[in-house]
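The letters A, B, C and D name the chains in turn, as written, and every chain counts its residues from 1.
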Amino acid sequence: MTDSLAELQAAVDAFVDERDWVQFHAPKNLAMGVAVEAAEIMEHFLWCSTEASFALDERKRAEVADEIGDVLIFLLELGRALDIDIVAAARDKLVANREKYPVEKAKGRATKYVDFD
Amino acid sequence: MTDSLAELQAAVDAFVDERDWVQFHAPKNLAMGVAVEAAEIMEHFLWCSTEASFALDERKRAEVADEIGDVLIFLLELGRALDIDIVAAARDKLVANREKYPVEKAKGRATKYVDFD
Amino acid sequence: MTDSLAELQAAVDAFVDERDWVQFHAPKNLAMGVAVEAAEIMEHFLWCSTEASFALDERKRAEVADEIGDVLIFLLELGRALDIDIVAAARDKLVANREKYPVEKAKGRATKYVDFD
Amino acid sequence: MTDSLAELQAAVDAFVDERDWVQFHAPKNLAMGVAVEAAEIMEHFLWCSTEASFALDERKRAEVADEIGDVLIFLLELGRALDIDIVAAARDKLVANREKYPVEKAKGRATKYVDFD
């Protein structure tokens, strides 16, 4: 897998700056953008069963990759607009999730932590 | 900014595997997860103006970072389930966007490419 | 089922007006509201299989009903802000869908019309 | 405004039944459908300011009406699949909201009830 996110961030920033689009990139709009593109990923899975969702044909898989790319691009721009390091944010969240979902309670269960007994 | 995504991916994978959660991580479910978390980012911006969305107070900013982390975690797991390199997907998308939005047509305009004259 | 939507619309309008909330109810914000609440419906179905999604326990069913109510409330307010009759909009869409999905092509298939052969 | 929802529900049900689509209409899928169409409404407002979102041109307004129709159709089908009366759900929610947002606290403020002082 591609490791460097900094290079991608720089490329996305340059793309936006060259087009003078920072004026449109308010966090509110970028948050909507993330959600719009997330829904476009989801649309590809609307009618398939959970099992079938693993086995996309090549065309569908390319389309899903395309939408995943869009989500990541918007997420990077949102992080930039709010000065949030998205990788650090995910890492912090993972730390919190380890607390909320200890292995002995969460193993093999899709229960939300608020419903643990 | 944190550069290495590979390290985060490994940590997320380990978190999921330790809890035996791969069984729930069908692409259909993960796509829903990305969308659910994207909406949770968005909820923080629901009633504020686009201008005010830049100036979050510290509590809100931390909450938004939290949700951004969730989106990235789900996105990484979706990429894993479908064997899609999410950074490569974003880079490819950027190449396509440069074609669709040439600087001379797109500069300073938020028009969708299908509506270019 | 409850037939009258006009009564509900009047109640929602009164609720909003009494609180002087029209100032926040720009179509952009209301569209976000519909999407945020739609995601909250979806969250209840995140980890269950399609089959299990029919058989919610009573608590979950009440929570889903609650979120469905939110989506409809935002949708009515969006219709009001844009002067769009949401029932007429759905009826018109159904007419268009009958054209796009003729019974002989669509019967028993979840294929999108653009992919009909 | 069109008052009768029962007639629309019957028309949507007939549309679905004629195509033998009930098999695809698991609540999980319909919840995704609501969210996907909600995002399509939202896409029309992605880059506009909150003020400009009131003043759509005729083409955009028709497109938004189209997506609103889709959300309502999916919402009706979701209600049907779960035997939830969507209008009653909204009415019940409004009762709850009157409690959570008393006029004297909520008037002119977009604050979430959990943040009332």
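Everything below uses one rule, namely that a residue touches a chain if its C-beta (ideal position, glycine included) is under 8 Å from a C-beta of that chain, and two chains touch if they have at least 3 such contacts.
No experiment lies behind these values; they were computed from the predicted model shown.
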{"item": "Angle, in degrees to the nearest 5, of the Cα rotation that carries subunit A onto subunit D", "value": "180"}
{"item": "Winner on C-beta contact pairs when B-C is weighed against C-D", "value": "C-D"}
{"item": "Centre distance in Å when subunit B and subunit C are each reduced to the mean of their C-alpha atoms", "value": "25"}
{"item": "Rounded Å distance between subunit C and subunit D, as computed from the means of their C-alpha atoms", "value": "3"}
{"item": "Per-residue multi-chain contacts in subunit C, two or more chains", "value": "24, 29, 32, 35, 38-39, 42, 45, 47-50, 110"}
{"item": "In the complex with subunit C, residue positions of subunit A that touch it", "value": "32, 35, 39, 47-50, 110"}
{"item": "Touching residues (chain side subunit B, partner subunit C) in the complex", "value": "24, 29, 32-33, 35-36, 38-40, 42-43, 45-47"}
{"item": "Subunit C residues within the subunit D interface of the complex", "value": "1-6, 8-9, 11-12, 15, 18-21, 23-24, 26-29, 31-32, 34-35, 38-39, 41-42, 44-45, 48-51, 53-54, 56, 61, 64-66, 68-73, 75-76, 78-79, 81-82, 84-94, 96-98, 101, 103, 106-108, 110"}
